[in-house]
Amino acid sequence: MSLLSRTYSIFSILGYYASTFITYLIDSIILLLVAAVAIILTIYFFRKYMARVQLRIGPNRVGKYGTLQLIADALKLMGKESILPRLRDDLPYKVAPILVFTGLMIAFSLLPYGSFFWIGDVFISNSGVGIILLFAVLAIMPIGELLAGISSHNKYSLTGALRSVAKDISFEVPMMISVLAIVVMASARTPESLNIASVVSSEILPYGILQPLGLFVFYIGMIARASYSPFDMGESESELVSGYSTEYSGMRFGLFYVGMFGTILLGSFIVSLFYLGGYNGPYQWNLGLIYLLIKAVVVIVISFTVWLTMPRIRIDKFVNLGWKYLFPISVINLILAGFLTLYLGW
Amino acid sequence: MMEFQPGEERGKDGRRIIKVRKEDLVSTLSKLKSEGYIHLSLITGVDRKDFIEVVYHLHSFERNEYISVKTVTYNSEVPSVTSLWKSADWEEREEYDLVGIRFIGHPNLKRLFLPENWVGHPLRKDYDLKNVQYINVDEEGEDYATFDPGDGW
Amino acid sequence: MVAMSDWVELNIGPHHPSTHGVLRLKARVEGEMVREVEPVIGYLHRNAEKLCENTFFCDNIIYFDRMDYVGAPGMEVGYLEAAEKLLGVFPPERAVWIRTIMAELSRIASHLIWLAAFGLELGMLTPFFYCFDLRESILTIFVEASGSRLLTNYCSIGGVYQDFNEKITDEVEKFVQDAPKKVEEINSLFIKNDIFISRNKGIGVLDKNVAIEYGVTGHMLRASGVEYDVRKAEPYLAYSKVNFEIPTSTKGDNLARYLVRIEEIRQSIKIISQSIKKLPEGPFFNPKAKKSMMIRLRGDGEVYARTESSKGEFGVYIVGDGGVKPYRVRVRSPSLRNLSVMRELGRNVMIADLVSILGTTDLVFGEIDR
Amino acid sequence: MEVKEPGRKIPLVGSLEGIMTVFKHSLMKPVTVQYPEEKEYTPDRFRFRIFLKLDDCVGCTLCEQVCPNKSIKMETVKRENPRNKRMIYPDVNFGTCTVCRNCEEICPTDAIYLTHVFETSRTKNSFLYSPEELSKPEDEVVK
């Protein structure tokens, strides 16, 4: 029994269409709330962790240990005046942050989160082509960034947007090829090799152990997607002021900010699902969600530490890295995966 | 003040001071540069009320000593030495800005620190400190100076 | 949108995160490439030279504090070298050694600020705080000795205002013991990082002759291959009595400048550890410049004194007319010359490189605009 | 002395070392001071607020002369003091005072001196302290 079917059974007296609609609506609202809280927790955790790494204490004024700091910040952002540049391109300017946020939220709804005691399996959508859908949805976010950069009529924004597009093109291909290697491996054991849940459930060993090269390429891709250091060329603070989000303020800027941390959270979920065994753990006591969360937190800590340590890479060097190193590595990884699947049957 | 005499003397800390007429300035400096004084340390203009004294401090890395070359001008015009040292570019602009020495032959003699329409040269002894000027930015992003306190800050 | 071949004028600054205050760079940009850079300065101009003409010799120290505000005692030393020669009031032996220690501490403090900001410009968020943590122990010595953390006003004409006591020497010794380890730790975060090396190696190469032409001094000149350090070339304070080396490099790129500066920190720690051992007993001020004598000092003639500040050759030219106030004060600001060479370094580099070149130049605008 | 460039290494190893160094610091104690609750240690020589002993002041105007920012002005105060016949005392404008300590240094009778008190924030926009206010402790000065 999953969360989805439980909700469905409650409303089943209303007939098929009505109950399906209400079920998905309620589940989406639950997802939105849970995701928002999770992102806020991520930001809070980042700020605390950054502070501790930098020998500071971090937020500690609002609420106990500064726990309400993020709520206060969100309220501040909502209350702020949204300053609009006079020469903006109005529609894309206003749509861009919403696109970034929406893409993120749809991506969250596509992941399986494992089972959790009486709730059962936690997922919103269990699509048969989940992997393709997930990466298609993830590709919405750079469109939002591009729109934001071009429409704000600012040289910094434009350069930032161009940089982030150049960056996206150069890491997307290796990243997709390394995902393809997983699909290749999973296809030997499951007929639904594009369904995320069945890919994760059918593994013998976590794919990261079998494909360390794939993990490496995919992790770099996820860092670049979330665009934090070392791959934050798009919004590099010391060069382009704030990149594509320079001209945004108030809640529109807040959406970009949430989008960034949401992508980190989402990325760590995806990495731990695909490569670190996801919700599989040593004891099958409906603890899938807990396992997934633990793995995600470990990945998040690693990501934050990388963020805080690494300097920013130059954009032409990154494009070089993408096409000259990551692409061949991912192809080699794909060949290795095919070899392992065909001859050893892993 | 006494009459200006070209020649050489020792300064307070035992350093050579070469005094030249401003017509001979460029030739003297270029001769010194070929002798190894390749580092132009400082150009200073001193307003002596009835004339302006311009002092060049040079340093030689090989001999490890520095000397100063002095000249005077009565009409605040001095030949530029930008052809010898590129660092003289900004130094002369700074001296033009603050002391008001016009360097003849400078390629781009504009004010370095103050806005272009600032009135007076602050390091002149007759500069009126009571006459406060305010600075603001125009539409093009360039600074301008004004006497109106309501217009600038 | 502009056509591909057109350049765009990009205004970097004066309100930009990486311009160290109030520098404005007019850059002509073609896509990512910067074709030409024209620095615009003067946003922090206070005309300290004019202010100095209207105050007593002893008061001018506070204006020099505010020039290189990240390493104030070094500036005070630079001014007093000139002023004391002009006035004929010389400090006793103990004050000379105390000034040497303070000048070297301020050099480390200034270099640490540079290191922190340089890391931040390259996108490294964390070393910033480690640098400030280490710098804090220097500021503790400053506040213990002079009563202020940043703008110390510690050195006075003919000595120093207050003596080094037992507690301060202990703090300095503790600093000398702890600092090398912390410096190496911070250095390892930079130098072992592959991206840091790739961002700096071969970037912003400054030719030796160009550097001399533009009057560049300090770490930039040394990184380009000229072994010129005023501390060796014309020893002042107690530098002739301590043992240290001048780091140089022939590469002239960003990485060479970085390495030269890190080595300078190490050498400064070496100088401090020697000086604190050699610190003699005795008076710490010249009685000719105490109490109401402070404002009665008269100077005649002209003196040009150079010191090696943390940014380069810092020269002060003072002309006196026999009065209690200087007739003319002229300051040779090393950062101004180091900035003027940006016109050469900023040709045909990428925007990201422009920022890192600007980072290694180490500008302090209190000193450039004065 | 020629500085050495780092030699060629295996890529990524050095970066991983850096990441470990940074991670190690998360287990260390924070070094920041939480200001209103805990006060930072102020040494004996720490200086900020200027105090004035009215009885000691002889009205010699040296502090007015030496003040580089002209923050000190002499002011007439009707007060019995045999040493101060002219009845002039310094007042200080803390808005422009740079706490350079020259006035303390030059004062022949040590009447004017700087103290540790640095919490002088005010809601009033004038920082001008009259001689009587300078002689009172900070919390007794009504602003």
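Should a chain be cited, it is by its letter among A, B, C and D, assigned in written order, with residues numbered from 1 in that chain.
Here is the rule we use: contacts are C-beta pairs under 8 Å (C-beta built on N, C-alpha and C of every residue); 3 or more make two chains touch, one makes a residue touch a chain.
As the structure is a prediction and not an experimental result, all values here were calculated from the model.
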Chain separated most widely from chain D, comparing mean CA positions: A
In whole angstrom, how far does the Cα centroid of chain B sit from the Cα centroid of chain C? 24
Where the centres are mean C-alpha positions, what is the separation of chain B from chain D, in Å? 38
Any idea how many Å lie between the Cα centroids of chain A and chain B? 60
Please list all residues of chain D that touch 2 or more other chains. 15, 18, 21-22, 25, 31
Sites on chain C at which at least two other chains make contact: 126, 130, 133, 189, 193, 195
Taking each residue of chain B in turn, which ones touch at least two of the other chains? none
In graph terms, with chains as vertices and touches as edges, which category applies: line, ring, star, complete, or other? other
According to the definition already given, which pairs of chains are in contact? A-C, A-D, B-C, C-D
Would you tell me which residues of chain C are touching chain B in their complex? 11, 41-42, 45, 47, 49-50, 53, 85-86, 212-217, 226, 228, 233-234, 301-306, 313, 315, 317, 319, 327-328, 330, 332, 336-337, 340, 369
Touching chain A in the complex, chain D uses residues 15, 18-19, 21-23, 25-26, 28-32, 34
Note which residues of chain C are touching chain A in the complex, please. 8, 10, 16-18, 29, 31-32, 119-126, 128-130, 133, 189, 193, 195-196, 198-199, 350-353, 355
Under the touch definition given earlier, write down the residues of chain D that touch chain C in their complex. 1-6, 9, 11-12, 14-15, 17-18, 21-22, 25, 31, 42-43, 45-47, 62, 65-68, 98-102, 105-106, 108, 114
Chain C-touching residues of chain A, taken from the complex the two chains share: 50, 53-56, 155-156, 159, 162-163, 229-230, 232-233, 236-241, 307-317
